[in-house]
Amino acid sequence: MTVRVLPGSVKIFSGVEYSTDYKYMCSDPGQNLIKEAIHKYRLDAIVVGSCSPHMHERTFRNAAVSAGINPFMVEIANLREHCSWVHDDIESSTHKAIELVRMAIEKVKRDKPLTKINVPVTKRVLVIGGGIAGIQAALDVANAGYEVVLVEKEPSIGGHMSQLSETFPTLDCSQCILTPRMVEVHQHPKIKLLSYSEVVKVEGFIGNFKVTIKKKARHINEDLCSGCGLCITKCPIKKKAYNSFEEDLAFRSAIYIPFPQAIPNIPVIDETVCTYYKTGKCGMCVKVCDRQAIDFDQKDTMLVADIGAIIVATGFKLYSIDKKSADSKYKGYGEYGYGKYRDVIDGLQFERIASASGPTSGEIKRPSDGKEPKKIAFIQCVGSRDDSKGISYCSKICCMYTAKQAMLYKHKVHDGEAYIFYMDIRAGGKMYEEFVRRAIEEDDVKYIRGRVSRIYEKNGKYIVKGEDTIAGMPVEIEADMIVLATAMIPQDNAADLARTIGVPYDKYGFYNESHPKLKPVESTTAGIFLAGACQSPKDIPESVAMASAAACKTIILLSSDTLEREPVVAKVNEDLCAGCFYCKKVCPFGAVEVKDVKDINGIVYKEVAYINQGVCQGCGTCTATCLSKSIELAGFNNEEIFAEIAAL
Amino acid sequence: MNYGYFPGCSQTGSAKEYDISLRRVIDKLGVSFDEIEDWSCCGATSAHATNHKLSTALAMRNIMLAEQQGMESIIAPCAACYNRLIMSQFEIANHSGVKQETEKLLSSKFLKDIKVFNVLELFLKIGINKIAENRKRELSDLKVACYYGCLLVRPAAITKFDDAEQPTSMEKIVESTGAHTIDWNYKVECCGAAHSIARRDIVVDLSKNIIDDARAHGANVMAVACPMCHTNLDMRQRAMRRKYPGHEEFPVLYLTELIGLALGMNERELGIDLHYIDFKYADSALENSIANKMG
Amino acid sequence: MKDLREHTRELLEKGEIAAVIGYRQVSEMRTKPVIVTDPADAEHLVFNEYCLNNLAVYLTKARIKALCRTKDKTLKLAITAKPCDVHSIVALIQENQIHRKDIHIISFNCHGVVKDFGCEFNGDNLASKCITCETHKPLYFDKIFGEEKETPKASDQALARIQELESMTHKERFEFFKGEFDRCIKCYACRAVCPLCYCQRCITDKAIPRWIESSSHQRGNFSWNIVRAFHLSARCTGCGECERACPADIPLTLLNRRMAIEAKRSFSYVSGRSLETPTLVGSFNEKDSDELFM
Amino acid sequence: MSANTSKDTKKLQPSFVTSPPAPDSCQNTYNNSDHTQKHTVADEISERTFQDVSLCYQCGKCSAGCPIRYYMDIAPNKVVRLIQLGYYDEALKSETPWLCAGCLTCSTRCPKEFDLAKFMDAVREIAIEKGVEVKQKNIIKFHQAFLDQIRKHGRSYEVGLVAEYKMKTLDLLQDIDSAPGLYLKGKLGILPHNIKDRKVIKNIFKKTKNKTDNRDTESTY
Amino acid sequence: MDKQKWEPKIVAFVCNWCTYTGADLAGTSRMKYPANTKMIRVMCSGSIDPVFILKAFERGADGVLISGCHPNDCHYNAGNFHARRRWDFFHELLDFIGIEKGRLQFSWISASEGKKFADVISKVTKDIKALGPFTDYQKMNSEFTAFFPEETAEDHEVLNKVEEIV
C-alpha cells in the first residue's frame, strides 16, 4: 500500500477539509498534528487511517478532546491490521485503503456528539466458589478493606484442594497449607461466608449488580450449633450414603460434616437418606444435641445482595469414564469398562487413598479387596486430548499429578512396580520437569509412550493392553490397580451458571476471558472477573495467581465512586414504537422496559419500549430485531452504517 | 414394514444353517420377508480391502435392487454384509461425489432411504417379548456367551443401535429364550475374519482366545450372529486342537438357532447338525424333564 | 346465524363490549367487514363461506381501539373470527398488540371459504389456505357457533408451485420473481390488509436513512417484497389476505408459505398456534442448527 | 520443493532420504496461495478416505488394541507415521495393511476419530495400483480368487474360491480338514449359483478396475 | 471493466468483539488474504439488519459475509443466537428468490482465530469469484440509477480523480 498517495486522494471526498500523513500518528508529535489541524481548519470531526481502533482509538479520542471536539466524532479506518499487513498487492491494497478511509469519512459525517454515562459503584464483592481460587480472591479483596460475600455450594469451603494428599512438585501436604487460609476466611470481619448456597440470579450491571443467593437448608441452626459432632457419632444411618469427599471410597452418616477441618464446622442433614425424612421417626440427632440446633423444618432461603463486582471461581470437576447419557457431549470409556471395575479408579480417588486422612489412612490399598497393589498402572489423557470422547484440549495438570502419584506409590510400596502410559509429558513449570525426571530416575517409575486401548479383568488382575510406540512393541501389563488421569472438565452446571451470571463460555463450558493475552482475568461482561479452573484447567499456583489478579482488578474497580461508561447504548423513538416488544425478548440484559403512554384522560392507550441506559450494554440486537426501526444504537446508528455501505 | 432379505453368499454355502434357522424362526414369530431378487455379493472384505469403489458399487447394487423391488428396509443377517451395506450408504450420504459415481456405475439414481437392519435389530424390532411368549422350551441350563464380533456394532456412530464396547442387545434377546448370559471380555474382539483361509494361523489363535475367555467366565455355549465368526469359531476348532492339544470342544450356535431351540424346534430343523462341534440339546434327557415341567 | 346475532346483541346491550368486528352480507356471494356498535345493528352480522376478510387486522387500528376507551374503564372488543383468523389474533396477543382479556373472540367451526367473492363454494373454488388447513375448530375462543362439516377436497397447488420453483436454477427463479415483482406498484395493499403489519410507521416509510426505495422501480420492488416476506417470516399465520388484496396478482403467499415451511422444518414452529410457546423471533435455542456458519 | 521422484530408478526410494517429504501435503483447502505441488500418496489417501492423514497424533491406541498386532511387521500407527513423513515405499511394502482384518477396533477407539481401517483399505488399494511387491502373497491371492468368483458368478462360490485359491497358492493341503467335511454336511454346492444380471457385475468390475492387472507396468510416484 | 480483470466486491459485516479482533490478529500475524473484502464494524452480529445486505447488493456488492462470535462466546451472551435464527430465514428467502446461497455467507470467528479469518475471507472471495459478478442485481441497479441518480453516482467522477492521483 502506498501511503503517500492517500492524503491527496481522500482530500477530494466531499466534506474533507484537510488531510495529511505522518509515520507515527499515535506518537505525541502525531497527536499534535491532529490537534493543530483541528484548530487551524476548525474541524469538527476527524478520521484517522491507522492501526486497529482496538489499539489507539482511545488515544485519538483523547487528542480530539484536548483540541475541543467530542471524542465520538473520531473514526478510525483500520489501514494496518486490515489492509497493509494482510495484502501484498500494492495497487489493490491502496485502493482498499482509500475506500476504507472513505467509509470512515461517510460515517464520521453522520456521527453525533455523545457524552459518557456515569454510574455509581457498590463497594461489595461477590466471590462465587470457595475453592483455593475463591479463598485467595476473597482474602485479597477483604484485606484491601472491601466487603466480600463468598458463596460456596458445598457445606464447606476448601474445594478440590482439600481432597488432595500431597502437592507437586514439592510434595508438601495439601491440607496443611490450605486449612490456615480457610480459617482466615472464616474469621475475617469483612468476609460473609455463605456455605451450602448457590447464586440463582444476577441482575444489573457493573458496579450495580443485584444478586439473589439461595441458601440451601442444612437443617441445622448455624447460630446455635457448636460443631461438637455428637449428632454425627450418634446418627444410626452409617452406611447408606457414599462419602463424596472421599470420592465414594467410604460411607458417611445421614448427618455429616464433609471432613474434619471443614469451614464452617457445622453439619448438614442429607434428606435423601435420613430416616426422619423417610419415616418421620428417629430424631436421634435432636435428642443428643443439647443446644437444640437441629431444625428439621428448615427451608431454603433467598438472600438478595447489592454487589459492585463479581469474581467467578467455580472450579472444575473430573471427567468420569461412566457411560454417558445419549445427549451428553461426552461419551465415556467403554474400552475401560465404563467404570465397572472397582480397582480402576480416577486421580482424585487415588489422592484420597494416598491421603493420611483418607479412608485407608494413607496406606495404598485397592478398593475391591483392600490388598496392597504390587503392580499399578497409571493411564494419562483419559478424556482429555480425545476428540471422540468430547474433549480436545490438554487437561494440563495430569502429567504432573500422575508423576506425583506414581512417586507417592513408590514411596509407600517399595517393592511395587509403577507404569505410566502417556502420550507426551507436559511438564512446563518451575521444577516440574525435574520432578518428572526424579520419578523416572530415582523412583524407577516406568513411562511407556502409548495410549492404552483396553482394560479388562482376568483372574483378579487387570489386563492393560497398550503399545510402546517408541519401541514399536505391543505391551500387556497385568496390573493390580489402575489409576486413570481423568481430565479436568467444567462443572456440570457451568453453562447454566454462566447464563445466570451472564458470562460467555466456550464449547466445553469453560468461561471466556475478555482477551486471551491482555485481559486474562476479566470476563467479557464488565464487572465480572474470573479466577481459577472455571476458565481453563489450572494447577494450584496458577489458580492462586489468577485469583489475586482478579482481586486486584476488582479493587481497582471499587476504588472509584463512579464509573464512566461508553455512551454506545440504544434509544427508542417512542412515537414510532409499535410496542411489539421483540426488543424486550431479545435483549440479553433485560434493559428494555415497558412504558405506558397515556392519553389526556390518563388512560393508557399505548405501550412502548423504553431502554434503561444504565443497563444497556450496546449490542444493538434490538435495533436489528425492531420491525419498524424505532430503535437506534448511538455511535452505530443505521444512518451511519448505510453511509458506510454507500461509500463502498 | 416390508422387509427385504439379503442372505449374503455364505448363507448359500458354509452358513446354510444360519439361513435355514433364520427363516424358520422368523416364520414362527409371524414375520415374513422377501428375498431380494437377483442379489449379488455385498462387496465385503476382498472387494473393500482392495478396491473401494468396487465394493461400494457392489453393495449399493443390492440396495438399489431393494429400492426397485419396493422394499423399505433390508435384513442383512451376516454381520459383514450388514456392515458393508450401511458403510456404503454412509459414504453415499456423506460424500456427494461417491454418490454420483456409484449412480453412474449402476446407471440409476437413489431415491429412497432404505434402512438396513442386522439380525439383532430385527429381533429387537419384532420384540423380545414375542420370543418369550412363544417359548416352548426353557433354555435355563444354558450359560451363553454372546459374541458380537467386530462388525455388528462398529462403528457405533454409524450403526447407532448399541454400544460399541459394552453392547447388551444380544444379551437381551438371548435372555428372552430363558437362557442365562455371562459377562465376559471378548464380546467384541475380532476372530480374524477373512483371514480364515489365507492366514489360518492367526484365526486359530484369535478364536482360541475368544473361546477360552468364554469358558473361563462360565459359559457352556456361545451365540454368534455372523457366518464368518461361526466358521472361525466352529470349523477351526479342529485346527485349534492340532495347535493346542489341550483344547476342548466348545459349541458355537447362531443366535437364530438358539431362539429356534427355545421356540421348540430340534437340531435337524435348525441345521445345528451341520456344525463341526456337536451340540445336542433337544434330544437330551433335559428336554424330557423340561417337557414334563411345562406340560 | 340467529345465535350469533343474539349473542352479540346481548353483549352490546349489557355494555360489556364496545363494538363487534364482523361480516355483513352485501350480495349473494359477497360479504364485507362491518363494525357494529349499536345493538340494533347486530342483525346484519353473518358468517358463511364468503367471509373472506381476516378481521384481526382491525384489532390494532387506533380508531377502533379508541372505541374501547371510556373514562373509567376499558371495554372489550368482540370479533368474529374464522379459526385461521384466530391464529392471527394469537400472534397479535403474543406481540403485545392486544391483550387476551380485552377481546371477546366469537369463532366458528369452519369448513373453508371460497377463494374469491362470487365463486361457488366447492372443491375447485376453495381458498388455497383452506386446502391444507388443520384447524377447523378454533384453538382459542370465547364463544363458538356452527357445526362441524367436511371440507371439500382439493389439491395443494401452492406447495406444488413452491416445489416447482425450487427445482429451477437460481437464475430461473430470479427471473421468475423479477417478472412478478415487476408488476408491483407499491400500493401497499398487502401491508394494509396484513394483521401483523401493525407498525404505525412502516420501515418503507422511513426516509432518513431511506431503508427501501419508495419508487415502484424493480430494485425498490425487490427490496420491499424481500423485506416484507422477511419481516413476516416465522410470524405470518398464512391467512393469504396479502395475495388476495394485491391488485397486481403477485403470488405473495409463495414467499410466506416458503418461510413457514422453513420455520416448521428447522424449528418445528408454526406461527399463531399457541399462546404458551414463545415466538420464534425473539427467542433462541442453543441447539439451533449451526450449519450455515463456517 | 525439488521433485526427487524416481521415475528412472526402478527401485522405489524412500523419498525422505534424498529430499524431505512435503510437510504441507495436507494444506488447508482455504489457502489460496498457489503452491504448484505434487499429488502425493498422502494426498491420494486423504482424498480416497475423506480424512487427512495429519489427523493422527501417534498415540498408538490403534496398535494397542489391534487383535492382529502380534503378527504384523510394523505397528499400524507406524504405517500412518510413514505416510505422514513421506516414507511411502516403506508404508506400501509393509505387511501390516494386508494383515489388517478390518475389524474397526482402531477406528472405534481412535481419540482423533481417524478411521484407520479405511486408511488401510486405501493403502492396499494404492499398493496394488502401484504394483508394489506384497509379502503377504496368500492374502492377496485369496482376495483375487474371491473377486474372481464374484466377477464370474455375481456371488461368492466357495468351492470355486477354494479351488482357485489352491491353484494360486499351490497349497493343496490347507483346509484338507474342513472342505471334505463341508461336502459331507452338504453345505457346499457342487455347482455355482449364477445371478441373472451378471452383465452389470462385469460392468462394475470393468469400470472400477484398478491397476491390479497392470503389474508389469512401471510404477511411478 | 473487462471480464478478466473483474474483481468481486465483497462486504463483511463483523462484530466488534470477535471477528473484528480476529481480523486484527490476522493482521498482526501478517497473514495474507485477498483485498476484495471491506469490513463494516458493528457491535454485535445480532445488530446486523438484513436490509444492510440488500443495501450492499444495491450498492453493487457481489457478495456479503456476516461474521460474529461463536455460539456461547458472544460478548453480549445471546446476540449471535438471535442472529443465527434471523439469518437462517433470510438466507432461505434469498435462495428462494433466486440469489445463490454463496452470495451471502456466514461464519463464527473468535478473537483468537486470525488464521480462520484469513481462510474464510479467501474462501468467500474464491466462492464469489466462481459465482461471477452479481449481474442480476447490478442490472437493476444501473437501470435504477439511470432514473434516480444516487449520491454515489456523482462520486464516480471523484473516484476517477482518485484513480489519476494513484
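Just so it is clear, A, B, C, D and E label the chains in written order, and each chain counts residues from 1 on its own.
Definition applied: a residue touches a chain if its C-beta (ideal position, glycine included) is under 8 Å from a C-beta of that chain, and two chains touch if they have at least 3 such contacts.
Everything numeric in this text was worked out from a predicted model, so none of it was measured.
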Fewest touching-chain hops separating chain B from chain C: 2
Between A-D and B-D, the pair joined by more C-beta contacts: B-D
Centre-of-Cα separation between chain C and chain A, whole angstrom: 48
Whole-Å gap separating chain B and chain E, where each centre is the average of the chain's CA atoms: 55
Chain centre separation in whole Å, for chain E relative to chain C (CA means): 35
Overlap residues in chain A, where contacts from two or more other chains coincide: 335, 586, 625, 638, 642
Shared-contact residues (touching 2 or more other chains) in chain E: 32-34, 71-72, 78, 82, 86, 118, 120, 123
Multi-chain contact sites of chain D, meaning residues that touch two or more partners: 105, 109
Residues of chain A that touch chain C when the two form their complex: 575-576, 578-582, 585-586, 599, 601, 603, 605, 607, 625, 627-630, 638-639, 642-643
Chain C-facing residues of chain E, complex: 50-51, 54, 58, 71-72, 78, 81-82, 84-100, 105-108, 120, 123, 136-137, 140-141, 143-144, 147-148
Chain E-touching residues of chain A, taken from the complex the two chains share: 2, 5, 8-9, 12-14, 52-55, 78, 80-83, 85-89, 91-96, 98-100, 103, 495, 498-499, 502-507, 512, 515-516, 524-525, 568, 586, 588-589, 617-621, 623-625, 633, 636, 638, 641-642, 644-648
Contact footprint of chain E on chain C as seen in their complex: 165-166, 170-178, 203, 211-213, 215, 217-220, 222-223, 226-227, 229-230, 233-234, 255, 258-259, 262-263, 266-267, 280-282, 284-286, 288-290, 292-294
Interface residues, chain B side, partner chain A - complex: 163-166, 185, 216
